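Across the two complexes that follow, chain A remains constant while its partner is chain B and subsequently chain C.
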Partner chain A sequence: MARKSASIALNERLSPYQKLYLLLIAGFILGPFIPLIIQSFAFRWAWPDLLPGTWWLEQRERAVLPLAWDYVISPYSQVWEATLNTVFIGCVVTVICLFICLPAARVLARESFKGKPAFEFFLSMPLIVPEAAIGIALLMIFINIGLAGTYTGIIIVHLIPTIPYMIRMLTAVYQGLGRDFEEQAMILGASRWQILRMVTMPMLLPGIVAGALFTFLVSTNIFLLTFFMGQGKIVTLPTLLFSKISGGTLDASAAGITLVVTVPGIILLLITERFIKEEAFGKGFGN
Partner chain B sequence: MRKTMLSLSVIGSLMTGVAFAQDADAFRDGFIAGDISWEEVQARAMEEGEVNLYYWGGSDQINIWMDRFAVPALAEEGVTLNPVRITGTKDAVDLVLAELGSGRGLGEGSVDAIWVNGENFATLMRQGAVMGAFADKLPNSVNFEWNPEDPRSLLNLRDFGVETNASEIPWSGQQYVCAVNTDRVASDDVPSTFAEMRAYLEANPGKFTYVKPPHFIGNTFVQAAVYAHNPDGTGAEPFQSSLDELGAEELARLIAPGMEYLREIEPLLLGGDSGNARYPEDPNALNGLFLNGEIDFSCQFGLYGVATGLRDGTYPEGAEQFIFPEGNMIKNKNYLVIPANAPNPAAAMVMANYMASVDSQATKLEIAGMPPGVDPWRLSDEDAARLDAASPGLVGVTQAELDANTAPDTNATLVDVIEATWLEYIERDSEESISSIVATAVANLN
Partner chain C sequence: MTAVQLKGVRKDFGGFTAISNIDLDIRSGELVALLGPSGCGKTTTLRMIAGLEVPSDGQILFDGKDVSEVAVQKRNVGMVFQRYALFPHMTVEKNVAFGLKVRGTDKAEIEQRLEDILDVVQLQQFRHRFPAQLSGGQMQRVAIARTLITNPSVLMMDEPLANLDTKLRGEMRRFIRDLQQRLGITTIFVTHDQIEAMELADRVAVIFDGKLAQYDAPDALYKRPGSIDIADFMGATNVFEAMIRGKTATAPFGSLAFATDATDGPAHVMLRGEAIDLHLAEPPETQNQIRGRVSAREFFGANITYTVACGDAQIQVIEQSRRMVDLDQEVWLTIPPDRIWIIQN
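And now, the complex of A and B:
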């Protein structure tokens, strides 16, 4: 109900130009999905046909092998395996990342120590150094210590590009928090655990959720490092997609897999939408 | 205390690792010497429990065949087949070499077998990274001609001219076949020689291109052009010798007219009118151009490519095969190689034996359209008939026509040089003469 009235209000508030602008933005975001969806249902779609000349459903009965969505949902496509791997790795990376970054962010936001600017710069190094350079060097080391081709190996390398993001977001949130509330609770006799549980955490939550969401999305999108460390044995959605479309053509099953790849991010966004207040993102990116 | 326990257990696991590796070495030597029976291999394979096959995973059909047929068949042998899909065979070769480089020997690596041929196999051989002569000792080796006296054994004994020493077993035999879109090209206009192709392109500029070297499908097109323009008129014959035997100067003389031709037709290829000819990177991209009618002809390995392409919608409805270039349609085989550091050598051999069986060859032919690698004259009539029945069929040509126009592959040592020459002379439009380009390429190799 609230949403509906809000949308009416929005409708009245916007000028026609603003509406057009919104429509264009929506077109840019959703537009690329349209040919993808059509392609995923096509059997043969050749230039210059505006729509597929033959649809997958027309050929479905005659097909010797599963085509299009039949292939995507069949175990042969490895989509299910890749999705599970992606979500599993993403979750573990997010949790570990939080445990590393929460205390670090607290210190970075509140304390000042010698060499802090240099340390902060050092923290963002992984964002500057190309992934390929890190990947190849690490692969050599990981092969030696037997971590190549294991989940542990992939999770460790995923921490490299995610920690800088997480630390930056959490530091920003901590800076906005101030010590006053915690001090007040302390004056009122709360223990440190109580303060953490009942004061700090609830106030940090939007920032933590935003950071976790971001970390998860970054982790699920890492291709190169996963490809190196997984050695093809551990399939995630990005590596699966790459092997499917690296040829430069998009057939029906590739289009289907591409659509599936976008699903975890969308679901996550829907789930977390209610947790996130605008300012969490705003602060996270501001700083 | 805890520390000593830990270091003890580390030492312990290292020692079992070493013991296992020695054990694997002994097993390999015993099998190659013929001291180990097939039953023992099977028993050991069951103990090892799994086998990691690395193969190019860009084809849905092959992936489905692997999961639907190969995995269950090996499960019956007590071996779990892990088909690892890779985008480039070179990745698996690099992985093997990297692991060997860090001291991981037999029983300690991660790749049990790779689907290879040509340069990738030559690289493994050069680096001493193959397990050894297993291929002619499997029970299903009887399906192949190993007798060097018989000229038909050539493709089993040599892979792009490099002696295989039975380190790899043939998996599939392919021929380079071109397809034409008959909805766009009248049957009288279909070229059968390179000269006719040029005439067609002069009348219809931009309607053809080929896969870009160094992709092997592109290399093969270049080789066919080089054969056809051989100044001595001896076709593929001199290209069977290695680089050392032939010499750089002689090679340059032999390939010059072919390279000249490829440079001359470049403005007539797809996008050539704007001075920037487009060469697709791989067969899937080529298929896309062919399907969209951007090109009228599409050349690649695939005896049954048109039949399966029509079946799954990746080829236009009017696609047919045709004989081009006359007498120079390159034929080769591709293989399964077991690397020197295979973690499960016995399971790898059980897997290779299954892949060499008539049963697997027939289902693979039917499902994935991959021509058999076994030699039909070595099979019983019944088995040979079974393979015939499984074939998805040729479209527009007959087997006899294909057989009459066969040419062998180029020696692997020459492939690198021809490839480098193409890249320099065609791709980078080098002003240098072909002989100096070849000389530089040869020097760079060593």
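And now, the complex of A and C:
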């Protein structure tokens, strides 16, 4: 979808210079994936060869699947378990985060109270303080109260860096949604619950979807906090990848895992993009 | 049909007093404008009648019953917001039916009333469109339909004509007026535009600084404003200090005889620009004659405004553009005594 619209834009509107610039940016984003893909299909790729010395295709009688993919889908790699864990934690974190941030964003967008600027600054603290500092401090507490090495513990620490993002995003969305709509619904006789269900939620939906997507992606990418709290008992894709490459070697199986790690995000992005586009009210809010 | 009454209504926001004390009587079926500059408290007054704000003091009565504490949902009022507040994710049909749906009205009745109201506002062919696909006038009609379908006892509008272009304004003005008269629904609207207030309302309540300054029919308000501020707000230009003795006002440019009642002493005399006749030769009648010289001329198409210098005073005369008087021309102004208004404080 993105490529199609990009190619239309490329042909119709852009000058050659702009096209070149766009291609460079695309190359910059997609480029790093190329060696990963090559690597995952290599049989042997030794320095200083520019391309693998031996491809998997040439060695088909020795390996049924490319080495990387053979390893990735085998139970030894824990990739399946890690994917399930990552998606599960990501989903729970997103839902909890929404429940915490929706009311908070509503207040921040509409009310003014004493100390509001300080409070807003305070909200972004988790993004400023190094993750390691939070992680170690929390680990000490969590070990004491028995939350270390549990899903609950990991979900709680994932909320720390995701809440600031979500609140910011939802506050912006709420600011765009005037009080008029809810007041109008009230005058027309709607109860609070009806207003939330029939007016506020549908109007906030694009913002909620964007915030949820972002939260999910941040959650699935957190390494350090997950690593501390999981204590090796709970494996997610980032911790799995890190333990795989921490030795300093980037072999075929690491490349395979890396590619797998990117998959949930891409799938989610495609789903939500389609979902947002099908909403007929993308055209602006009534003026 | 509901009569609305405000008794000693006051509204404070923290330390700020938006409305200090307002008494207002709106008869059943009347169309009343709340007019005032921005920040005067007129919108707050409207929101209190709607139930979106609770008065700090005083009472709001619907047909003699105190509704000050009744929740918005139970008050059975209708409000059309300035920017219409149409729900962008619903079609015209769903927007209009919203009020009935949330009240749990049964489907057949919703369908019936939807058909009726869409006919009234002439929106049948747009029923499946989304608000973003409508023009300003159509959006306003949807907003009105959405409100009227619930049979509100009082209809409120916030700046109903402000967002429309000149041509549409006339059309919507007639539409609102006709609809209001046909349904006989008590209607209150807020505006900062004195033209809009005079165009639409049966009576106009002028609000300054959270107080009711004057409450009168449009022509009375225009011809006989109660204070200089009101005269100024209603667009009066010729207001001069004068000394009153008997039925004569002595202004800087001469003495004027007037017909209205006034007490002796210092006051202001107001001359409406369109009530003044401009003569190129000395007219036979000598009463209320002012001699001057045309110092400026503004052409507005149908009308021309001349500024006539009479001694130190500048008098504005509005005339239909049947002729053009040259600048610097010597002219004589006359004004009938019954068109002169005296403002005493």
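Going forward, the second predicted complex is superposed on the first by the 252 of 287 C-alpha atoms of A that agree within 3 Å, B and C clash if a C-alpha of one lies under 4 Å from a C-alpha of the other, contacts with A are read in each partner's own complex, and residues count from 1 in each chain.
Keep this in mind: contacts are C-beta pairs under 8 Å (C-beta built on N, C-alpha and C of every residue); 3 or more make two chains touch, one makes a residue touch a chain.
Just so you know, these numbers come straight off a predicted model, no measurement behind them.
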Partner chain in contact with A:Glu183 - chain B first, chain C second, else both or neither: second
Which of chain B and chain C A:Met198 touches, first, second, both or neither: second
Chain B versus chain C as contact partner of A:Ala252, first or second or both or neither: first
A:Ile29 touches, of chain B and chain C: first, second, both or neither? neither
Partner chain(s) touched by A:Asn144 [first = chain B, second = chain C, both, neither]: first
Which partner reaches more residues of chain A (counting touched residues only), chain B or chain C: B
Residue numbers on chain C that touch chain A, as the complex places them: 50-52, 72-73, 77-79, 81, 83-89, 98-99, 102-103, 130-133, 139, 146-147, 150
Contact footprint of chain A on chain B as seen in their complex: 52, 54, 57-58, 60-61, 63-64, 67-68, 82, 84-87, 91-92, 95, 98-99, 102, 104, 110, 280-285, 287-288, 291-294, 311-314, 316-317, 367
Complex interface listing, chain A residues touching chain C: 178, 180-181, 183-191, 194, 198-199, 202-203, 205, 279-281, 283-287
In the complex, chain A residues that touch chain B: 42-44, 46-47, 54, 59, 63-67, 71, 74-78, 139-140, 143-144, 148-149, 231-233, 235, 242-244, 246-249, 251-253
